[in-house]
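Structure in structure tokens, see below.
We call the chains A, B, C and D, going by the order they appear; numbering starts again at 1 in every chain.
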Amino acid sequence: MAIVQVTIVPLGTGTPSVGEYVAAIQRTLEEAPEKVRYQLTPMSTIVEGDLDDLLAVVRRLHEVPFKRGALRVSTSITIDDRRDKVGTMEQKMASVAENRKRL
Amino acid sequence: MAIVQVTIVPLGTGTPSVGEYVAAIQRTLEEAPEKVRYQLTPMSTIVEGDLDDLLAVVRRLHEVPFKRGALRVSTSITIDDRRDKVGTMEQKMASVAENRKRL
Amino acid sequence: MAIVQVTIVPLGTGTPSVGEYVAAIQRTLEEAPEKVRYQLTPMSTIVEGDLDDLLAVVRRLHEVPFKRGALRVSTSITIDDRRDKVGTMEQKMASVAENRKRL
Amino acid sequence: MAIVQVTIVPLGTGTPSVGEYVAAIQRTLEEAPEKVRYQLTPMSTIVEGDLDDLLAVVRRLHEVPFKRGALRVSTSITIDDRRDKVGTMEQKMASVAENRKRL
């Protein structure tokens, strides 16, 4: 179980807007056969699941802007992989909230 | 107006847990005198406001783990700065949702 | 052909030094059966080759700190994938130098 | 003393090439009044110096694509800040090479 943050940026599209691309990425996530959970944020997409599943999904997401005509894509990924305990998105948020109470 | 995504990782702390540090970062955000809006995600903190204000806040956040004893800190920042229109966190999410309907 | 920048950070190791881990990552790169070229920089490792080969290599590199005892690993990847022309590491550096002369 | 890795990407420029922008960034670095050392790699620019100086330089670099007409800029920064010892670019490379011999 790992969590991966992904940001995919098409270059040279002629418009600074990327909402169309992010929407297509979201649809690809919805249709993913792998068992992954995901969350969109204003800056990236966060996916959670088995690391190999996540990387397979990210690999497909990276193709999305090319399918829509982009000639160059910059994809940034951060993998948070913890193996001493299960680190889900909820567990991480709960840990911060718990620590926040004690400060 | 810009949006900045920040991830701050202390190195060599002896424990893989970072919840304590993220909670201290959250407290520093709450107490920030600058006019910034923020949102915590399972992988990063997203702040929105005037870019110079955001960078001043990020500069302080970067010090938080050092104040708690860390000897090395890796801070990753992504700035999304759009100047042809106002790009708030809500506007970005709404643009994706709008595009999603049309796909 | 793509270029991928990778930074792999072990968390909670008890020491802020990571040279040992980076050296092990370098050895893994040297032994990679895939046809990839690589370059170490003070902040990351840059690999060039077929994107699927690169991702397979990065997947193995991500395991290196775990094999050396790390319990949590944060791996950051940036993929630069250009499909209108061949974008090698040398071509990119040459393009910048060429543009620099004209400025 | 810190090391900062910076990647600056203009969005919506109409061409997937960014060599012109990177060259202008390099010129801005050469003209920087702050005492910073820098190194260009095929994927990013690495700067070394006092952290506040580095952030001031990065702030100016971020403006470069806007001055050349870009309407949106995505700037990614990674700060490596170590305070138990002096961590220069050379020291980091030497530490990896030293560890590599022992593996």
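What we mean here is this: a contact is a pair of C-beta atoms (placed from the backbone, for glycine too) under 8 Å apart; a residue touches a chain by one contact, two chains touch by 3 or more.
Since we're looking at a predicted model, the values are computed, not measured.
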Pair with more cross-chain C-beta pairs in contact, given A-D and A-B: A-B
Numbering shared by both copies at the chain D-chain C contact, with half separating same from different: same
Distance from chain C to chain A - Cα centre to Cα centre, in angstrom: 20
Distance from the mean Cα position of chain B to that of chain A, given in whole angstrom: 17
Mean-CA-position distance for chain D and chain A (Å): 25
Junction residues of chain B, two or more chains touched: 16-17, 71-72, 74, 76, 78, 80, 82, 84
Touch-based graph of the chains, sorted into line, ring, star, complete or other: complete
Chain C to chain D touching residues, read off their complex: 3, 5, 7, 16-17, 19-20, 22-24, 26-27, 39-44, 46, 48, 76, 78, 80, 82, 84, 89-90, 92-93, 95-100, 102-103
Of all residues in chain A, those that touch chain C in their complex: 51-52, 55, 59, 62, 66, 71-84, 87
Sites on chain D touched by chain A in the complex: 9, 11-18, 70-72, 74, 76
